[in-house]
Amino acid sequence: MNSFGRIFRVSIWGESHGNSVGIVVDGVPAGIELSEQEMMADLARRKSGAVGTTPRVEADQPNIISGLFKGHTTGAPLTILFSNTNTRSGDYAKLKAQPRPSHADFTSMTKFNGWNDPRGGGHFSGRLTLGLVAAGVIAKKILNKATFQTNIVELGGSHNAEEFEEIVLSAVAAGDSVGGVIECRVDGLPVGMGEPFFDSVESVVAHALFAVPAVKGVEFGAGFECARMRGSEHNDPIINKEGVTLTNNAGGIVGGITNGNQLVVRAAIKPTASIAMEQQTYNFATNKVEPLEIGGRHDACIAMRAGVVVESAVAIALADLYLLGKK
Amino acid sequence: MNSFGRIFRVSIWGESHGNSVGIVVDGVPAGIELSEQEMMADLARRKSGAVGTTPRVEADQPNIISGLFKGHTTGAPLTILFSNTNTRSGDYAKLKAQPRPSHADFTSMTKFNGWNDPRGGGHFSGRLTLGLVAAGVIAKKILNKATFQTNIVELGGSHNAEEFEEIVLSAVAAGDSVGGVIECRVDGLPVGMGEPFFDSVESVVAHALFAVPAVKGVEFGAGFECARMRGSEHNDPIINKEGVTLTNNAGGIVGGITNGNQLVVRAAIKPTASIAMEQQTYNFATNKVEPLEIGGRHDACIAMRAGVVVESAVAIALADLYLLGKK
Amino acid sequence: MNSFGRIFRVSIWGESHGNSVGIVVDGVPAGIELSEQEMMADLARRKSGAVGTTPRVEADQPNIISGLFKGHTTGAPLTILFSNTNTRSGDYAKLKAQPRPSHADFTSMTKFNGWNDPRGGGHFSGRLTLGLVAAGVIAKKILNKATFQTNIVELGGSHNAEEFEEIVLSAVAAGDSVGGVIECRVDGLPVGMGEPFFDSVESVVAHALFAVPAVKGVEFGAGFECARMRGSEHNDPIINKEGVTLTNNAGGIVGGITNGNQLVVRAAIKPTASIAMEQQTYNFATNKVEPLEIGGRHDACIAMRAGVVVESAVAIALADLYLLGKK
Amino acid sequence: MNSFGRIFRVSIWGESHGNSVGIVVDGVPAGIELSEQEMMADLARRKSGAVGTTPRVEADQPNIISGLFKGHTTGAPLTILFSNTNTRSGDYAKLKAQPRPSHADFTSMTKFNGWNDPRGGGHFSGRLTLGLVAAGVIAKKILNKATFQTNIVELGGSHNAEEFEEIVLSAVAAGDSVGGVIECRVDGLPVGMGEPFFDSVESVVAHALFAVPAVKGVEFGAGFECARMRGSEHNDPIINKEGVTLTNNAGGIVGGITNGNQLVVRAAIKPTASIAMEQQTYNFATNKVEPLEIGGRHDACIAMRAGVVVESAVAIALADLYLLGKK
């Protein structure tokens, strides 16, 4: 449901156009230095403002309202709250009649018998990922010897970062959107994280990643490419007593357990469902397929902002496995 | 750890060359007709015997030792046990000195300080998936209106099923192995399964799938292909009041919730790590990289047997979400 | 840790003298009518003001900051926040040196290596039970056919309610405090709630009750008195086809499952640890036993305010079992 | 449901007259020396044979069928199985018509719509506690510095152990049964176990204890007696820098956290519901209250055998908190 983790345990809440979004982070060891200021860099990476991102700009100011005393964690749960200020709720009656294609409108209405908050996507809004980013900052502090590098490695079909901006601009011009692939690499993890059978590193990291809106695929190391490889190519021979391998097709995880090599994970991000161009889709009020135009403020390429969210989800999953492994 | 699920809850145990492998299945509604006989068809799909599969043949006879009375589930946990009979433990001292590349040998030894059972892979053996298949049979009974179709859609780089056998034979001849991609399609699921934020259908299904040994990638619907698509191509317009969509790039899941269309998920299966040909890898006894030859009985293409295991993992995850959604 | 429940799941946070205390309530069915106003009656039952209660008076105004739309629950988590306003942090350096007897000062300092927030008891403060009461209001709405009656049945050794006020006043006069027993009776529960083996109704209710600060004993039906009874006295014969029993020594629970009769549970509340009179206890600064006088504002009989907290804990546990039983 | 614990996690299964009863124990650190032989002493404490215990005698031979290699735990789940051999299923059709007073017959039938296994109490049988005792042996090995003393402190209303046998014999002679109170004292626990808010030591221990059939009350330290005490009597002053207290009314737990003093917990055990003398109770076949005589083999005082079960439940709960606290 809305909580995740066994030891490092997060509980998320909020709606796009409600009072606030936020997260409770339990299981954080006492004595870690922490401030709201330290969260700003990662929050800025998630912010809109770049090419193809939504014109809705929020302060995204985190408020740590529990679990912190004299600048250090206390062992009690940390609650981080982000107020919503810049909200403009449109005509959501229209959404009920004609749910946007590939949006949660239809599924959430059906699941919650019409009681869901539809304003700006409500609880299904990408705005909830603010909490993930805040929790990710704490998670990375717990994994203090690990370093993260996260990049867009594919966008709109191209692997060339220099073309990305142009691809997004071209989609914007067409009133369309594009998808992408984000890769996260983590160095400095110890050997032995991950719990067989069901809490393999891949299982726990993928669980967290697929909670991020728009993620439709997750792969580790060579990933789907392994289906095109023979064992003699794919196997990673060990070359020294630390367990370093010559290649890293495993992406740092063997038997569901970290092997001390770089963890490599990629997440496929679908193109934003909200596009400016007209779409033909069912109208439940008129009982026929009709044109739909979506107003509001949207990202043309959510992958441009999703990097830090992917990284945070990975960090949250790894922090839990790290603390679990210390038991 | 070794249990999974919130309501439909499985706990797995066993070792490849120990007394047995098995599973406890809790949360099964009372009154479902069930017998060991009904498990035989799915267990047979997992069996070796086909081209490129291990010559180790086990009876794989399930014994339901609790939770069944007069041929029906009682509401108490079902325990299903598979005895191990055909075990031949090789020289596992050798494994400790020279762990097999891309095998759990090194990671499990390190994690458990050398106390792990190394015989035949111990607790990391693919043999534990017998329990998954047995639990999958029960899960599919709970999802009684759903139907599953599972196929190898890619093998050794080919998408042509007619070539698969030849590809495997060619790998066997070279003392090598090949990977593949398995696709599972599920029809007949209701709209509304899946729990935001963290228990999206993708999260829970991927969690279960990545517990299956050798799975290195999971994608839903268009999956990684979405990174090459524009929103206008990727969006699935609704065409009638049941929520049927014109296309199904979402793979039946929008906003983490089933939308009533076919659920489509694919899992990448890496090539078997145990290959007959010689490999160069580190020897911790001599402190140098040396040739390694792996004895024992192995599959050249585990994807040939993994279809039913993938299907079972998907069914287990869906059964839990289904029962959770009925609350 | 700081969350409880499998379906109806609460996550609590906050400190006595921090920004606020609060609770996230997940798993609430969509479409339940709810308002902050409806919480006021139960919150008032918990308030100080009566004889022997603390002079610290807070507004205790709940703010529902998520999960509510148009006066109804949405299926998303409800977050309820109570701001702290009337805080006066005393000299907590003194507490570190000379922890108060039978207070969490020593255990929390040791557990969290001195990083805990000591102001007003920090995360261990009874003020956190505000969140329990708010969640209890929601729980009782889920259990809409159940009615609760909660009373002090014993106080300072007396079973006569008319004497209670005098007993408390006498303790106040002596600078002392008194304990009591609270009984909660619930009518209207269906037969069949409770999950064997480990989630018996007694297990889940007691788990929630022992989280309430100051509870040191929990018993159901005849409880400890059963040790003085023979089976022929203790057994409750069934007298009609609804399962009504002639006596109710079981307190409405047999085999860990509700039997449709009145649920009866009692919780023992210890006397408030903070007393005005001087105590002799160890001083870690001087390394000797020394007199201690405790300042601050305290209740002489926390049992006077704990009734609604006990009732709320019972309701939270029952709501979870109720939703679990509907699966 | 049928599993308990966050790190040290047990999953129990079985029926009284089925194939077997057993338990899976997950989360056990690797490298602990263990054998079936080491379980015999505790299993013997649970055995029948003494005055007033059932004439059904089972071998109670544990079989550890997973997780053990070369006499040590491997880090994989331990599965312990007890075969049922000496089963005599009576006329359970009769139980359906006329459920035994204060037995799970009526509640289990109703909960599971008549699909429950009724033979010998099925899944509700005290025989399942064999698994608890086996898991308790492992738990106590994890808590290797702790020592346990468990005694009957009250039986049939008497606190004098010398009278206990006579009291039971007198009940047997009358075709009746008696209840009792079991006390468990644990020395050697570290300061700091227990997790606020919801996983206080009292919460977790009571959760496990109330899963034991026949337990109807749990109290810690002075327990219900605290309702008769003033704070000045109840408070335990600290007397040295290790945190030793002059008195121990807290039973070793303050603020839900161990304080390093002796943990003291008592469980009230109701008189056995199955008594030889005739009872008047409802017959659902004839729709009237009628005499009932219960056949089969039963204990006149289950408290005589329950000591080790109570101790095991306490140990299981403490082992989980201990491992959780090491994170």
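Order as written gives the chain letters A, B, C and D; numbering starts at 1 within each chain.
In the analysis below, a residue touches a chain if its C-beta (ideal position, glycine included) is under 8 Å from a C-beta of that chain, and two chains touch if they have at least 3 such contacts.
What you see is a predicted model; the values in this text were computed from it and never measured.
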Minimum number of chain-to-chain contact steps, chain B to chain D: 1
More contacts between chains, A-B or A-D: A-B
Maximum centroid distance from chain C, chain identifier (CA atoms): B
Rounded Å distance between chain A and chain B, as computed from the means of their C-alpha atoms: 25
Rounded Å distance between chain A and chain C, as computed from the means of their C-alpha atoms: 37
Chain A and chain D: spacing of chain centres that average the CA atoms, whole Å: 45
Multi-chain contact residues (two or more partners), chain D: 1-3, 12, 27, 76, 111, 123, 196
Sites on chain A touched by chain B in the complex: 1-4, 12, 99, 101-104, 106-108, 110-111, 123-124, 128, 154-157, 171, 174, 176-181, 191-192, 194-200, 202-204, 206-211, 213, 215-224, 226-241, 243, 245, 249-251, 254-259, 268-275, 277, 279-282, 284, 287, 289, 303, 325
Chain C-touching residues of chain A, taken from the complex the two chains share: 1-3, 9, 11-15, 18-22, 24, 26-27, 30-31, 63, 65-67, 69, 72-79, 81, 111-113, 115-117, 119, 122-123
In the complex, chain D residues that touch chain A: 6-7, 27, 29, 76, 196, 323-324, 326-327
